[in-house]
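Here subunit A shows up in two complexes: once beside subunit B, once beside subunit C.
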Partner chain A sequence: MARWFDRRPSGGHGQRPERAERAKLRIGIPKVLNVWTTHQLWLGFFASLGIPGNRVVFSSDTSEEQGREFGSGRGTVDCCYPVKCISGHYGELVFGQKRKIDILFSPMIYSMPSFLHGHVADSLACPRVMAAPENIKSGFLKEKDVFAEQGIRYVAPLVSLVDPLQVPKQLFIAFEGVLPGLRFEEVREAVDQGYRTLAAFDRELRSRSRRILEWCAREQRPCVMVLARPYHMDAGIGHEIEADLQAHGYPILWMQYFPTDPDLLDWMFGPDIREGYAKSVFDISDVWPSSYSANTNEILWGAKAAARVPWVTCAIRLTSYECGMDQPTFTPVQQIVERSGTLFFSFQELDSTKPAGSVKIRVETIAHYLQRSSRAVMERKAAAMPAGCPLLEKPACRAGGTATADGD
Partner chain B sequence: MRIVGMDVGSTTIKAVVVEDGRVSWRDYQRHNTRQAEKAIEFLTRMEQELSLAAGRDLVFFTGSGAGLIGPLVGGKLVQEVVAVAAAVEKLHPHVRFVSEIGGEDMKTLFFNESGAGKTKQVYMQSACSGGTGTFIEKTARKLQIPAEQLAAMPYDGMSLHKVSSKCGIFAEADANTLLKGGVPVEEIIASLFEAVVYQNLATLTKGNTPLPQVLLLGGPNLFFKGLQQAWRQHLTSLWEDRKCILPADADPADMIQVPDDALYYAALGCIEVAGGEADGVGLYQGTERLRWWIDEGQHQEKAKSGAKALVRENDDLSGFKAAFAASRGELAALASCDSPVFIGCDFGSTTAKAVVLGADREILASVYVPSKGNPIEDAKALFRDIRAKARGPVAGLALTGYGKDLLRDILGADIGVVETVAHATSALHVFPDADVICDVGGTDVKIMILRQGTVSDFRLNSQCSSGNGAFLQGVAERYGIALEDYADKAFQAKAMPGLAMGCGVFLQSDIVNQQRKGWSAEEIMASLAAVLPLNVWIYAGQLQNLRAAGRRFVLQGGTHRNMAVVKAQVDFITAKVPDAEILIHPYSGEAGAIGAALCAIEAHDAGRPSSFRGFDAIEVLDYRSTTSEHTICRWCPVNCKRAFIDVKLDGASGRPWSKVPLEEGWERVISGNSCPKGLMEDANEMRAVKTRMEEQRRELPNIGEMVRSEAFRRAWAET
Partner chain C sequence: MATSPQQQHYRAYTPRPLTRSEIGNVEILYGGLHWRAENVMQAVFENLGYKARPLPVATRDDLLLGRELADIGQCCPTSFTTGNLASFLREEGKRIGPEAVADRYVYVTAGACGACRFGQYHQSYELALRNIGLESFRVFLVDQNRMDQGALKGGGLEVNIPLTLGMVWAILCTDAVQSLEYRTRPYEVVAGQTDKAVRESVEHLCEVFRNRPPKGEKWGPLAWHLTTTYFTKALREVHRRFEAIEVDRLQVKPVVKITGEFYLQTVEGDPNYNIHSWLESEGAEVYPAPIVVWLDYWIRFYVQELEDRVGTDRAARAKIWALKGLQAVFRGVYERMRKALGGIPHEIPDQYELRRLAAPYFHHRLSGGEGDMLIGKALWAHVHNKAHMVCELSPYSCMPNTMSIGAMAGVVGQHPDLLYAPIEVKGDAEVHALSRCQMVLTEAKRRAIREYVSVMEKTGLDPDSVRRVLDRNPAMRRATYRVPHLGVAGTAANTMLHVAGRRLRMAA
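Let's turn to the complex of A and B:
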């Protein structure tokens, strides 16, 4: 596994004049939807093709101002705000850059590189989310071709990220003729580099999550786990609700980056496997048989994880207005978490505006119950779990990373 | 042959008669909810003045009342939007955007060139009063502005104030508050125009840019000069933002037209549509059947269409009353004068309430004062009343409601309890395994879903007035019936009209309509109570699945003192959840204050001594109030004129950085803001608070924050 993170030389094509030309390009990527978990894949991919990180521009976090300034009049008839807001991101990349971008890259992510893949039926993206670029681009083509007018190449390939063998072909077709002198071999290498980069990032964040959990276990302090889709990390979509709770004194974990170390998972799920409830530590068929959607699968798995770790005394569910993918999961997720005695609160129907008054009331409500019940929840959950929790036994001794949980 | 185009709208009827391609007659009049009577009056006049003849001439109808009236006289129906579009295409081939605002609806039409022809995109809403003519008129009536004056009132050059654009009833309340705050009516009306244009653009453009040329149609757009100015202001600045290319030398404002006959476009469209119809379609059949309907038909329909009454034949009303009235709470007697007492205060937006509990959690006293807008004076009045009723030493004080953070230090409260926790604590104290709390107050609706002894979900609706108690009260007042007698009146009804769930403003006009059909006050009041649960749970609370919420429902809040409402709630809930247990909080209106007091007892049991300042100290609280240029809220364009109320308080740190500096030993309370943001003085305070929050956050990690700050910079392996 360690070899994954070895630096590789960037190949022998550094000297080709086309690469120098490419290095002058600026690529804009809307920071939306599943880009929130595949960011590093794209950065690694472009870096390998000779376009460094400082020439890859992500749009800012979603905001109503962004929508008003850059997206209004280009919107779509879609009740899904995470999709609808993309008009603003496109607009910002097209009109709002000091230095113009040359390419607007907006991947249609068909399937996701999920850590549960192989243990679930499939790892697909929500179809509405996958097709969002098609939907949004029409707002920039309807009255006139804004991209052409601004001299921007619009590249929006369909990518099946769960299938790394397909991806080079998909991206080569998309970028051939757009990136000077592009060769298939290069793209294959760049895709590999992208996956490695993403894996390195994920591994680092999982290790930070582990250190947070170890600190909680050592200090007997509670923490909060967020169960949400990746783009709820966007301050304009999830409205930083979890950060408001953090300000009340609780470290925050996100299910996407829950540690997946075998020792920990074996302690959490081993009894289930031995008793025949689950086939593996990543199995969710006991709670979610139709496991086709990657983000949904991860939310369900996250609920199982939250239910098993004593120091996660509260899980927060964030969902956007009228999310059809989330709706059938409300009850199972809630029940999985609550059966373990863990507190569960959901913020549903999030939309463009942060309902500041209502969020404040809810956060204060949650903080009240967290403060009142956390100790009892930790004790009850700890009593239900087997002895020998690796979080307590192995003090943090991992390399890399900068996060500390020992700030108090 | 004459062709009649008649537009039967929600507030007026507009009609044109065309003879040989020329308009020979036209009129519009308000029908005051008597659509059929006004239609027959128009047709009769046409017969007399123009010799409109049955069996020869044609009648085409459009508008919300067309479906009823048209067929009775042989008329052909034309969908409203189709009618307007037909007229616009004929008369204004270059128009790209049309806004038609009616009394109770609004429409937008976008015309786009597409190859040889044109495509149309049409949006309409008629479910909510926000953005319609009624929205303006309702408030103008309240402010007693005559129609002619309203029509001439300007928008340009007026300072604008925050008015709820979504709900006509709240807009009226906002206007009232502004008026009390000394805002001139001209500015209030200009703010209403602003709200209407905003609401139309916000809900009915759906991603299309309203491009020139623009046509404004419908009564409100025609009559209100200020509304036209508001459109011009918004659209021209939109065009500037979007860099729309206008014809050379064109003044953008000229690209927005309001034709003199803007009222008649739907009626004119009918005539256009008539031209393309086969012979004999829409052949006028005279007024006999319409006359019959007015005299008899509608009353027969009343008898058929009514819903069953609030009290059905085999319902046991006295049993119901006994079961639910028994749960009214009584006050306990104080054991002795030196037993410690605990005070819970609920500072709401319209009232302040307090209860006094004994150490055994028994309720000793309950007091209530209406809010006068100055939180310090409200607090003084409340504590004066408490003092008169509670004699024991105060061992704990807890606050809830909006005033909990504002007044906590000033009164020396031991804890501030968030409203949800206060309500849940109080409900769970009385009913330990409650699942759902439904609190219907005067101006808001709160639904709290409890699980594991916590508030797991929470719905607050204060944006839309639908379902709240003030509306019920308003109707009762109009009938001259005291609120205490509401239930008995409503229970007398043997049948009742079916009112539609939804917007309170439209409910009001629906009531007028039902009244006209012959429904009595009792019957209408019964049906209003019956529609309330729908508005509370479904329209305002957005909670479709009551079953999933639980089985034990606690009803509280002042509106549930009305037994007619309780009866309707019980019927509604048990229809959805047959095994539901419905409980009335014994202290319906004071639940929040009781919850706070219970939390004060809990804190006291945990060994915390009270920091209550004492009645004397509160009585002599020294404060000064400032309203000036510097207290105006600058967080948004609404610019609320706030008051800074500075209270003398030992140990307070003052605000040396403020534009209205405050020395040490003084504490500031901000009032007169219309949203929570206004509680923050200005950017200086915002910075101070932000820094404090960031420090708190830095102490403990958040994985999401790490993704936000690190994932999008450069490839991880590169660093």
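Let's turn to the complex of A and C:
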């Protein structure tokens, strides 16, 4: 994840004096929750407005030390750790910067730009996740306005990222009077730039996942799919369990960045569509009728994908303690994966402390099963799939290219 | 790659169809509201030719069964409702056999609530049913946001305008009755009179709803429900039954406003530690949470969504006006019902005021559960002196509710005199929850007394002189006499101010 939050240079603006003023601002963004899959949108957005990437500060990965040093006494309620830990991220940005930030930007992401949108009921964020900034903010306001005291503007707009038409208005209202000389047209352009940046990033990662799968198919090697929420990529929340597995020699795929090339998905889900179980390659109504939550939808879809690709011989489920979104999906996800003969292991109730001993034992157990069963799993799954797997074709002959299904 | 028989992949549960030919032999189960609304809803089903029955009120045993049968980590309303359904069906299974249970009963529940877990309860039901060997039992989800959904799978049950309007009107009527009941019982002179009047009133309303005249399928029933005096007449009959109850409103009692997660604030029983009756037994007047406020909120929810689309959707403004018009009509209907009960039931707060009050602490578009309403309602009760204390019932592990409780830290920081008791309800930690509530209630009682004393000082009246006035005016000692809200929270304090005002008017 070292390059995950890399900054990109700003665009070719910077002629107007207010843009020069903006370029001096430092913006802090808590690296939490759905920022893990939307960070490139924000970098593209700010770059387009004249705030270069090197003026955008993301907080560190979550850690217990961060919480103790910067978040202590700021908590307002007991809930899941991915939300609770945000107090530490806010505190680090407010108190822990050598060069002070001017704006603390903590978007309330109401809906997500999911690749499944249009095929599901909705693409909403979890109710806790979308409301987290309001909750955490109150810990910095209940006695005195810490942001004002530190000379920081707190900006937390509600953004409906699944609906790009609404976003410019939401962000313009939030930043008007905060960013000098801001015009609505500029914001609209910046939002477009943000989506383009995010799409390019997603495309690149999906194409890398495809290359991994092609290698696995060519070499008849197994790989592991991680079914988790975006913030489990945070070393302090997912506890790098997938990295421990990777150290045993198994490539890791994150469900969020599974390739969505039409040729591959047609091969994977064609039989379901022909038999009338699904309307499209992105339809999950056959396994999950209440498809309102974007991340839940993607986990369910990821489980379906894991169940169909022969070289994904194991799926790892990560869930945080008290996650109300994951709870109803425990059985369906496990059933989807296991019915296909794919190995399934679940790390439930992850919390602030990494249970290093038990994780080590479980990772060794998983590695043992992977070594023992992968070949048989691959053969069994391959036998159940149609002929003509595009992963086994030469890349130059690939039918669908790397275009993502959402039209990028 | 050789081909072979295809993999049998996992598929989600889908209920067998419920056909028209079955409908005479199938009983529709439902639940999750307070008993008054559930009973009248039964009459609505019967009015349309269905057999229906509310599930019994969930118990602590149901909670334990729900936890046992479904995936771990459920919020407590999921455990209660899952266990409640499973427990009923299991007992019926023992009596008539599982096959007969699967054939003779179906369960109907709301199944659309955005990303909150409420919209996913069916997954727990499905798992629990499978675990008790009733996987062929039929659970049907209805969309809580649409009035006319047509026939459910198989065509046996139609969620159409007459059914939906019947349900909504049942809620409106019983909410008004519940409010009248809670304003009466704490002050009744003869214990038990209120309960008797409520039971009789609900029976009367059942009869009224059972005999609701058919008015067609779409616009006919809508026009009739909006214009008829059929329901207000029924409520005037309820008013007449309450007239016989003598009350002593000079008892100083703290008013406790109940808010919280929808299920916990609505039901009356083990799921919320019987908090309504417990508070009354501790000497409080309970200000219950009417379901009608939730329905009003849903209209605001859609208005807000459209407000964000102004500028990108040409029709947005027109839709907003249409929805606001619908909201005004809806509130007007409830207002008529309140008036039929002498104006005594509590008014419903203006949704846009709730939004304005909550805005500094919680964004109005944040959805799931009650959204910004918990903060708005707590502040509304506080700034308008509607209650001495707010008791918020928060289910263990409820996703949206924990967020508004967290934001309430900011509210309490800026309104330190707001008496706020957030109670986490796990279902099996009653002593802890009630003792926590009792601590805040003790302070609420002190406030009620201080408020009463300050009214005595302000008016120059004392309880004896007020009592003499009330004795001379027997109508004022009736449960149906309306004491207006005069800027203080307590009923005794308002009564004293009201008497003082009458004396002044008479002197003038």
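Observations, loosely collected:
Here, the second predicted complex is superposed on the first by the 380 of 408 C-alpha atoms of A that agree within 3 Å, B and C clash if a C-alpha of one lies under 4 Å from a C-alpha of the other, contacts with A are read in each partner's own complex, and residues count from 1 in each chain.
The criterion applied here is as follows: contacts are C-beta pairs under 8 Å (C-beta built on N, C-alpha and C of every residue); 3 or more make two chains touch, one makes a residue touch a chain.
The structure displayed is predicted, hence computed values, not measured ones.
Once the two complexes are overlaid on the shared chain, A:77 sits against subunit B and subunit C alike.
With both structures placed on the common chain, the touch criterion links A:264 to neither subunit B nor subunit C.
When the two structures are aligned on the shared chain, A:249 is found in touch with subunit B, with no touch to subunit C.
With both structures placed on the common chain, the touch criterion links A:315 to neither subunit B nor subunit C. In the superposed pair of complexes, A:331 makes contact with subunit B and with subunit C alike. In the superposition on chain A, contact of A:122 is made with subunit C only, not with subunit B. In the superposition on chain A, A:143 makes contact with both subunit B and subunit C.
Using the contact criterion defined above for the overlaid structures, shared-chain residue A:290 touches subunit C, although it does not reach subunit B. After overlaying the two complexes on the shared chain, residue contacts for A:227 are found with neither subunit B nor subunit C. Shared contact residues of subunit A, touching subunit B in one structure and subunit C in the other: 76-77, 139, 143, 331, 341, 348-349.
In the complex of the two chains, the subunit A residues touching subunit C come out as 76-79, 108, 110, 121-122, 124-128, 130-132, 134-139, 141-143, 158, 160, 165-166, 169-170, 271-272, 277, 285-290, 292-293, 296, 304, 307-308, 322-332, 335-336, 339-341, 348-349, 381-389, 392.
Contacts from subunit A toward subunit B in the complex involve residues 5, 7, 31, 36, 39-40, 43-44, 46-47, 52-54, 58, 61, 73-77, 87, 139, 143, 193, 196-198, 200-201, 204-205, 208-209, 212, 226, 233-235, 238, 242-243, 246-254, 257, 331, 334, 338, 341, 343-346, 348-349, 356-358, 360-362, 364-365, 368-369, 373, 403-405, 407-408. By the touch rule above, subunit B contacts subunit A in their complex via residues 205-209, 238, 242, 417-421, 451-452, 454-458, 460, 542, 548, 675-677, 693, 696-708, 711-718. Residue ranges of subunit C in contact with subunit A, taken from their complex: 1-12, 71-75, 111-117, 119-124, 127, 141, 308-309, 311-312, 361-363, 365-369, 397-400, 402-413.
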